[in-house]
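Working notes for the structure below.
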Amino acid sequence: MAPQIRRLQVAVSGLGRMGARHANHFLHRTPRAELVAAFSPDPKEIEWAKEHLEPWGVKLYTEFDEMLKHEGLEAVCVATATTVHAEQTIKAIEAGKHVLCEKPLSTKLEISQQVFDTAARHPHTKVMCGFSRRFDASYLSAYNLARSGSIGRPTILRSQTCDKYDPSGFFVAYAQFSGGIFVDCNIHDIDLALWFFSADNGGAQLPKVKSVVAFGVTALEPDLAKYGDVDNGVGVVEFWDGQIAYFYSSRMNPPGQHDMTEIIGTTGKLSVNANPTTGLLESHLATGIHRDIPQNYYERFEGAFVEEARQFTDAVLDDKPVPVDLAGSVEAVKIGVALQDSLRSGKKILFDRDGKRVDEDGFARAKL
Amino acid sequence: MAPQIRRLQVAVSGLGRMGARHANHFLHRTPRAELVAAFSPDPKEIEWAKEHLEPWGVKLYTEFDEMLKHEGLEAVCVATATTVHAEQTIKAIEAGKHVLCEKPLSTKLEISQQVFDTAARHPHTKVMCGFSRRFDASYLSAYNLARSGSIGRPTILRSQTCDKYDPSGFFVAYAQFSGGIFVDCNIHDIDLALWFFSADNGGAQLPKVKSVVAFGVTALEPDLAKYGDVDNGVGVVEFWDGQIAYFYSSRMNPPGQHDMTEIIGTTGKLSVNANPTTGLLESHLATGIHRDIPQNYYERFEGAFVEEARQFTDAVLDDKPVPVDLAGSVEAVKIGVALQDSLRSGKKILFDRDGKRVDEDGFARAKL
Amino acid sequence: MAPQIRRLQVAVSGLGRMGARHANHFLHRTPRAELVAAFSPDPKEIEWAKEHLEPWGVKLYTEFDEMLKHEGLEAVCVATATTVHAEQTIKAIEAGKHVLCEKPLSTKLEISQQVFDTAARHPHTKVMCGFSRRFDASYLSAYNLARSGSIGRPTILRSQTCDKYDPSGFFVAYAQFSGGIFVDCNIHDIDLALWFFSADNGGAQLPKVKSVVAFGVTALEPDLAKYGDVDNGVGVVEFWDGQIAYFYSSRMNPPGQHDMTEIIGTTGKLSVNANPTTGLLESHLATGIHRDIPQNYYERFEGAFVEEARQFTDAVLDDKPVPVDLAGSVEAVKIGVALQDSLRSGKKILFDRDGKRVDEDGFARAKL
Amino acid sequence: MAPQIRRLQVAVSGLGRMGARHANHFLHRTPRAELVAAFSPDPKEIEWAKEHLEPWGVKLYTEFDEMLKHEGLEAVCVATATTVHAEQTIKAIEAGKHVLCEKPLSTKLEISQQVFDTAARHPHTKVMCGFSRRFDASYLSAYNLARSGSIGRPTILRSQTCDKYDPSGFFVAYAQFSGGIFVDCNIHDIDLALWFFSADNGGAQLPKVKSVVAFGVTALEPDLAKYGDVDNGVGVVEFWDGQIAYFYSSRMNPPGQHDMTEIIGTTGKLSVNANPTTGLLESHLATGIHRDIPQNYYERFEGAFVEEARQFTDAVLDDKPVPVDLAGSVEAVKIGVALQDSLRSGKKILFDRDGKRVDEDGFARAKL
């Protein structure tokens, strides 16, 4: 019998590391979605898609604009290089497509703002930035506990993003376009701070940043300095209403990926992944007790990415708000960029109560 | 475009608790399989299926034999009540269908053996008993380590199956048909013992049982005694070649499901789930540090059930041996039944080297 | 100023591995006790004592009977080889000394009983068998929770004693005198079962053993078979009032000492050392996350031994009951010996409600 | 027989919470030391001492200067209120006594420096500030691993000191004299940073502070603001040679004391107490799995305080360097005070390569 279920017609743009995964999630793990098209400018990625997507009925495109015209297409998942996230998202919105865009919207605040403004002009189009960590089961449980008041008022948030060291030099090359460690890695932690610090109002109002400061070192990759980047960063973000978030990011965690977060409220603390592990196995050997941890962020967050695809699909099909508010995603870029600036200048950066950045030397910057 | 992928045409028999889940796994989470049909004799289950399966193109049947005739059907997942597992499996095999049968094959050894014999007469038909625990990522990692020699020779295995207490009396009603706690719960642990104790020969040869003994109490449900069953059981199984497995099962674990296994080899120990948890979240509250554990076996083993469906599908499509050998599944029933007998009689039960059970009172006990 | 505190005048008998530690505990870590004398028949141990005890004012003896006559001596800690525990304890009691005797009282039930009978004839003399595990902070907390009803009725107890493998052959030589793995190692676990299963009556009444069965293998030390011993043992003890204890012991745990216990009650479980570690340090290295565990029982239970000395001293000075009741220590030997017998005979051993052992073949053994 | 062992003749000054503990440690748990005298100006504390110290031969004094004249006195443990630490330490040094002084030397840098200068003029006198955490077994293991190169170069250190919330208002009253949360709590974490960041040179050279910045909130105790203090503080300390330490302190951790530290090197990370617990017990109850953590710093660090007393005693008797170098203890005060200043001013505070503080407004900031 032919299925009678309406499924969201989705295309994925970009079939690199993360794009290929998104394609698989929409193709095989999102029952209410149907992957109908995919775009990549890269012949190698198209080769991969011919083997893994085309046989399942997915139409392949080498031009993004062509793909947008795919008949019946309803939504696009933008998973290309960060530098074109915003451009493709804007085009897709303007073509009337719903968009799930990989984080960050852009490494630049102005451009992120343009995405937001475009979306605001298309109120019926769902636009969501893919902060995958929010869809992880442990973070979701933590959020529900925080929201229900289990820990009193969330006051301090500590969060870290630590990648396994990759000795190939990849991180150096990547630093040219990544926006730097605070925009690339800690953007997740910043988003978590915005999420948890607005848990008591159900996300209705974002906390207002007051100041940021950042520090960093190049412990293993001195060449990162060329791009004003570091391989270990520490940042602190202070909010106007008595909340503080502090972050750590690293490109040199030896056993693998160790992302963790503590949300500290006035009556309790929620700790996500303080005690990392890949699963439930420990080896008791002559050299002691051993366990493994995920080797990369996808091993850690695979389930979250799948859940993200499902919740985005549900939001579109059922016309509900997307679970990650776009204003917060722009705010995360603002804070990430400010941290990166602080890292480079060595200065503490201040914001007024309206969210406008004011230089330490006193005058308000009219336009960032 | 129409997909060009060949997908295994699967039906699920039985749409109760576990059957409904299997149906969902084949429908939405097994890319190379297509759920085409489903059978249930129960109007409530058919009602559920009309809502959740039919719209996706699944044909519903209220007669098992009719379902077997579904055009193009290649494989059946048998997930009905334990009492009809064997009958349906045999029918399906004889109709030329590959079968994934929920555990146990039967609560009776003779009937399990009939399944095995039927399968033996159809060597091109894949028949697998669904010992889901083998498909759990942590158990798979443990097995690979054991197989590669990381812990020397697997010598002692400790394994437990502990369910959350259900005060509704469900366990008492269920005991009539379940075969008893050793056949219903510890069958998994027995299967793990057979699996790990044959890891050094790659599963080519099962370890030979030498004796079993079992004990039990009815701590919370005295009515279980009516069915010769208990709510807490302890059993020991000795093998002829210097290996011992010991088991615990319980129907009264307060926080939830806690199934765990330790495989102790001559140079190391693998410990699966010694430190249970649902995820990576801990709450630090005034009352101490808290974490949750899964509330039932499906919360614990959901991923394993999905993986089981995938591996069964691959074995059929690619004509590879199924990952759970049927002879071992019969042996597991033999050992489970013997444990249950020992529980009831209070006797230690012995087996000769050919696997024949010899009574303690002397009969047929030529030479141990 | 001269101290005005009355301190218990203690002697230690035997200055081997454990005796030397007891001497140090009474000398330096038991404020209300004063180590005044020590005995060893071994010149090497006397050599050690000349360096470590004599300078602190401890008088050394090479004859046990001479030491008993030491002026003002009030109490003796018997820490010699197991074979002379009972003889020295009896002599010391008869000389009017309070006794803390290392476990087990004897590897023979009759002799343990003689110690008990002697103590019973000297009701003002405190006699305690040193089941150190009872003084460990985690076990004490568990007991207090069990006693207060936190887990309902203690019903199942699982406990293990696992030593680090010692490739020197020490365990083989030791097996000649140790009484076997169940009497030497699991005696602790048996004692814990007696302790926790009488928690609901405050220790007033010991649970009554109904049957025992044991299994074992020689995985690394086949020569143990000469002494009817094994390097891995599994035993089950059933009690008349619906309680079951099951034990594991091993001489081949690669990372070190792993002794653990679970006390399972009708409404909760207490788990001691499911997740072993030496302290609070973990290393995150390229090979994964690692931690160490104690290398031997003294590393694990050092604090318990000190606490044992303190509580024994307090019981004597304040004329309170000793915290480990002697009747239970005899019962532990009875159960341990029965397990060892079951291991050797392959038979399940039964006891009647009066605690008398009855052979499987029917007749009651008049005198064990 | 009379002991022939030479024991260090020690007095304790101050018998409050911590002083009474030090007295007990020197009296009962430091074999090579003899507590001969104790001083307190407080009648209640003297009352306590009459019961607990005097009977053991300890002479009590109500005048510090009188106590210093106690015949044969060799060493003083200064455990009075922080405000008189320095004064008493200086007096004791000048009277030729070795000194173990509780942390911090002072809440003021100048006064800490005076202690250092006095000690420098008495090179044969041992003076040590009691940074107890360094004597904890887990920290000692971590240090030995770091020193031996197991984690490459220590680069980032994260450390926190979190007290259980005390609703009595104690923390507010205490804030008047404590120097603030960074000087009172994080001083330990600062000391750890200095210790671990000089591990690669064996402590020969302290890392040079480059800048500090601090943030804080009063989440539960707004009255702390009167004293320029907070109940939650976050601080970052940057060093000139590419190392960063970041700290958190809190007065509101609900389950108890949670002090933890991560030392992140170029090839590994050492994690101390990421997974806090009081011992090896977990309760599996209907509400989940639970464990307790220490209720205060003494429960957490009791063993470390005892070890501190022992190592100080050994250093004096064997004329070895004290294990905590005094220069570092002054440096810790300098950094703690700067963090407290940054908290109050909202400014980042800079230091030149000679360790001189330079104001952000430009003064003395010749060349950074």
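For clarity, chains are labelled A, B, C and D in written order, and residue numbers in each chain start from 1.
Everything below uses one rule, namely that a contact is a pair of C-beta atoms (placed from the backbone, for glycine too) under 8 Å apart; a residue touches a chain by one contact, two chains touch by 3 or more.
In UniProt terms, the chains line up like this: A, B, C, D = NAD(P)-binding protein.
Just so we're clear, the structure is a prediction, and the values are computed from it rather than from any experiment.
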{"item": "Remotest chain, subunit C (NAD(P)-binding protein) as reference, centres from CA atoms", "value": "A"}
{"item": "Result of counting contacting C-beta pairs for A-D and A-B, higher pair", "value": "A-B"}
{"item": "Euclidean distance of C-alpha centroids - subunit A (NAD(P)-binding protein) vs subunit C (NAD(P)-binding protein), Å", "value": "57"}
{"item": "Between subunit A (NAD(P)-binding protein) and subunit D (NAD(P)-binding protein), centroid-to-centroid distance (C-alpha), Å", "value": "41"}
{"item": "Multi-partner residues of subunit B (NAD(P)-binding protein) (at least 2 other chains)", "value": "253-254, 267-269, 274-276, 284-286"}
{"item": "Subunit A (NAD(P)-binding protein)-touching residues of subunit B (NAD(P)-binding protein), taken from the complex the two chains share", "value": "1-5, 27-29, 31, 54-59, 137-138, 141-142, 145, 150-151, 267-276, 278-286"}
{"item": "Touching residues on subunit A (NAD(P)-binding protein), where the partner in the complex is subunit C (NAD(P)-binding protein)", "value": "253-255, 258, 276-277, 284-293"}
{"item": "Contact set on subunit A (NAD(P)-binding protein) toward subunit D (NAD(P)-binding protein) in their complex", "value": "153, 155-156, 158, 211, 213, 215-220, 232, 234, 236, 238, 242-244, 246, 248, 250, 252-254, 264, 266-269, 274-275, 346-348"}
